[in-house]
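For reference, the structure discussed in these notes is given below.
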Amino acid sequence: MLRVEGLNTYYGRAHILQDMGLEIGAGEVRVLLGRNGAGKSTTMKSVIGLVRPTSGHILFGGHEIAGEEPHRIARRGLGYVPEDRRVFADLTVMENLEVGRQPARDGVRPWTPERLFELFPNLGRMRDRPGGRMSGGEQQMLAIARTLMGNPRLILLDEPSEGLAPVIVEGMANAILALKGEGLTILLAEQNLHFAGGVADSATVVEKGRVVWSGSMAELRADEAARTQYLAV
Amino acid sequence: MDSIVPQLLTGLAGASSLFLVASGLTIIFGVTRIVNFSHGSLMMLGAYIGWSIITRLPREPEWFVLGILLTVLATALIGVVLEVAVLRRVYRAPELFQLLATFGVVLVLQDVTLWIWGAVELPLPRPRWLRGFVEIMGNRFPAYDLFLILVGPVVLGLLWLLMNRTRWGTLVRAATLDREMVAALGVNQRTLFTSVFALGAGLAGLGGALSLPNASANLNIDLSVITDAFVVVVVGGLGSLTGAFLASLLIGVIQAFGIVLVPKITLVLIFLVMAVVLVFRPNGLLGRPQAEAREATVAAPVVRAAPRELRLLGALALLVAAVAPFVVGDYYLTVLTDACVAVIFATSLHFMMGPGGMASFGHAAWFGIGAYAAGLLMQWLGAPMPVGLLAAPLAAGIVAALFGWFVVRLSGVYLSMLTLAFAQIVWAVSFQWVEVTGGDNGLLGLWPPDWARSPRVFYWIALALAVAVALLLRRALYAPYGYALRAARDSATRARAIGLDVARLRMVALVIAGAACGLSGALFSYGKGGIFPTYISIPHSVEALLMVLLGGLQTVAGPIIGALVYTGLADILVRSTDLWRLVLGAVIVLLVTAFPEGIAGAARRLWLRGREA
Amino acid sequence: MSVLVVQGLSKSFGGVRAVGDVSFAVAPGEMLALIGPNGAGKSTLFNMVGGQLVPDAGSVLLGGVPITGLGPRAIARHGVGRTFQITATFGSMTVRENVQMALLSHKGEVWSFWRPVAGRHAAEADALLAGVGLAAQAERATGVLAYGDLKRLELAIALGNEPRLLLMDEPTAGMAPAERVALMQLTRRLATERGVAVLFTEHDMDVVFDVSDRILVLNRGTLIAEGDGASIRANPAVREIYLGTGATSGGH
């Protein structure tokens, strides 16, 4: 569904992504692992178009999207949930969802606020609350729900567990599994290996903007050497 | 009692016009984060276009309304062109460059308007129905003003519905908070921005056209309106429509009563109101603290001393400058003297703006205060030039300390606008207080003493002062004080957490910058033999900004290079074309779009690239 | 003798109580972790101790001296160092200059307009940088540092003030798991060496249970538990509102 090949991205003169490559099949949940600054967020921002890669290919559903504007990429059915959530603080829950709303898409069961409130019951109880007056966990749920309103085929989830209480992280894991059950393809960036292990099918480990390991989650569990070398656990 | 009611109604009518302009400004600011200097020009165009349309239509009320609507459409369309041609290219540039670009648009539109409609004021012939009166509490009150009073609240209501009850409004409010995220959710922000700009421009056009029956289309609308609109928007709170409405009422009413009660100090009064509001509510009546910019912030480059090659180059340039009087004629010597004044003017602004992080839009105020201090001392006490040159920085520094008391609490755009408003007050005082300042005629007869009267000697004095000021300021910047000032700019949170007094650091920077600038004002006046209110005009303040931004904020050499380039450029322009505003404005816009880091910044980057490659 | 004593601290926002009647103390060299669900009032509590917020009621004593309601600058002068969740350093300066700035401020040498900064307290700054393992990066621009190094620089800056108390708001946020523990072990070592009390908030339970001497659990603005790692882990109330089953946080 998504194929990234030979992607190079710079911030100023810093070479952040160096020949980055990865592939996700339909319905797959893949996790990008790696320390801070390894290039996980930049990979996601390059895919959604917020950062313009200098060279390389990004194929989404067979279309080249590298260099397209973010809103065009999003309208192709690619959703992005940023690391720091970025909910619209002055807008209510319902208004936040409205901003994310896009027309229905073939092959995606259309998301409505009501369906989202089944997935995240907390949100349903605070429809008129401004995003800025919600806790971190609630904001994370709203950020995901807002992106789902665009009826994406694939979502990029950047560190959804960051800064959340363990018990909330468990709830987040369950929600991601439910989305997977809906057939959604998910690319996840994480540092929390416990969390990633519970939801992902496969993993790509990045270091200094390059892929250093790639394989299934089961292979990663078995590969003690890779875990120690790249993830220091 | 007799005059209260009509005065109040006049005030409310004025408030409506103010609100129309301010609402457009605040909406555009909310979404694009651009303070649109050219908003007053859009209102001016609205007045001229309205005049052209309405005078060609039959004189019945329904045709008048149609004419107004056509004008709104026309200005909205001009807004679209402006957004696509200029603003779209500077959304990613630093805030000040955006302001500068829109000021470039002001200059261009001034000359374009002059070229199309000519210099004569254009009053709208008023048919009988427009001259109607209504009797209120025994006073005859113009019916048209009553209509204007209604327009304000109606527009506010419509805008509120648009913003809160439509998908477009929801998207606009979301984009106000985080445009990048809105784009990532599939919303085309280009069309959104263009439509917002069109709405704002249309509102300005509406304000301009509706002002016609009571005023006339003239070339002074742009800058006078933009100052009022800035005050309203700042008092109301940037981005808040309701705030802008309340502030328009406040300012409108105060203006109406001020003109009757204290005609000479109306502007001062408005400034005081603004000051009081900002002291108690630093973000305006209904404004909220400015969220941290959502854009990926590029780390500021580390400030290091200039490379040895550059220092040698500087020393060489100084040598050339010192022997210049033996080579060039008197005319160029005057230009060079102006350049020395410009160097002090620009380096002093750079001091507070670069390391201090306080962008002043009214730097000419200190220039003027210094000049008038020297001039008045000469007039009252017959003080000679050395005394004047000493008194000028003192006077400017003292006023800066008073003004600084509350200005250093503000930040970003609020600070810029307050400095602009303050400069307008100083200008108003110099212009209106004829008994003391001579008003428009200025103070004359301010000449250097005999020993310094030859252009050559005076040039050397100016050069020595410029070099001394630049070196002293540089010295302070590399001393602990300069570092602490920079620390407060880089991260006020961290600065406080290590025990730095951020407000006091900034206050002292303002005093130093004001004093140095005051010196340049006095020096300039001795060179020209007189002092005029134009020294304190908005364009003069913008000149200082242009010099600093041309040169770049990051280096101490920047403002010096900027001052020299600007002085040279302006000299060539003024001598070679009548449309110098148009050319200068276009050059500003082009420069901003081409070199968002300034000349010195670009040179430095190229230099480094050559080194490290 | 405790470095920090907090008594009956309370704060409401618009009628909603964010923190109610919280009391605790921290001893020199002690690492005290403050944990709790998002929105439990941790940041509010932190900001009242750090001077960013003025409490409605209660008192904060630093070494026996009341600092309740003072501003951040005054509190810093009393000997409280801080690191922030989003790192705050001086981007236009080198790594060494950042620490020099802290030292200049601490020694009251800021209001000097003549002698250049260049060599001032450079040796002392380098010693602090060596302590956090940044000696080799002293000449680099702050903007190009890796995230973990930036966090360590913040620590060095905070120590430049010779604090008695260090407040660390989510010090390891955004770091890789291995870096997190390393940073906090470094903090622990420096705290012990210098007798600095450390109060920190944290969501990574590996870090909390690994480095803290004592843990406070805050929920809905009140303290619901206090104790060492083992007792907190065993506490059923804490498991329910905060820790969960441990499936996604390392099986605690």
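In this document, chain identifiers A, B and C correspond to the written order of the chains, with residue numbering beginning at 1 in each.
Assume a residue touches a chain if its C-beta (ideal position, glycine included) is under 8 Å from a C-beta of that chain, and two chains touch if they have at least 3 such contacts.
Chain identities (UniProt): A, C = Branched-chain amino acid transport system ATP-binding protein; B = Branched-chain amino acid transport system permease protein.
All of these numbers come straight from a predicted model, not from anything done at the bench.
Ranked by how close its C-alpha mean sits to the mean of all protein C-alpha atoms, the top chain is B.
Of the two interfaces, A-C and A-B, the higher number of touching C-beta pairs belongs to A-C.
Measuring from the averaged C-alpha position of chain A to that of chain B gives a distance of 44 Å.
Here the spacing of chain A and chain C, counted between their Cα centres, is 31 Å. Each of residues 144 in chain C touches at least two other chains. Annotation for chain A: no residues touch two or more other chains. Residues of chain A touching chain C in their complex: 14, 34-37, 135-138, 161-170, 173, 191-195, 198, 231-233. Within the complex formed with chain C, the residues of chain B that make contact are 299-303, 475-476, 478-484, 486-487, 489-491, 493-502, 505. Of all the residues in chain C, the ones that touch chain B in their complex are 50, 71-73, 76-77, 81-82, 84, 88-94, 97, 100-102, 104-106, 109-118, 120, 141-144, 157-158, 160-161. Listing the residues of chain A that touch chain B in their complex gives 11-12, 48-50, 69-71, 74-75, 80, 82, 86, 88-91, 95-96, 98-100, 102, 146-147, 150. For chain B in complex with chain A, the residues that touch the partner chain are 167, 170-171, 173-174, 176-178, 180-189, 291, 294, 296, 298.
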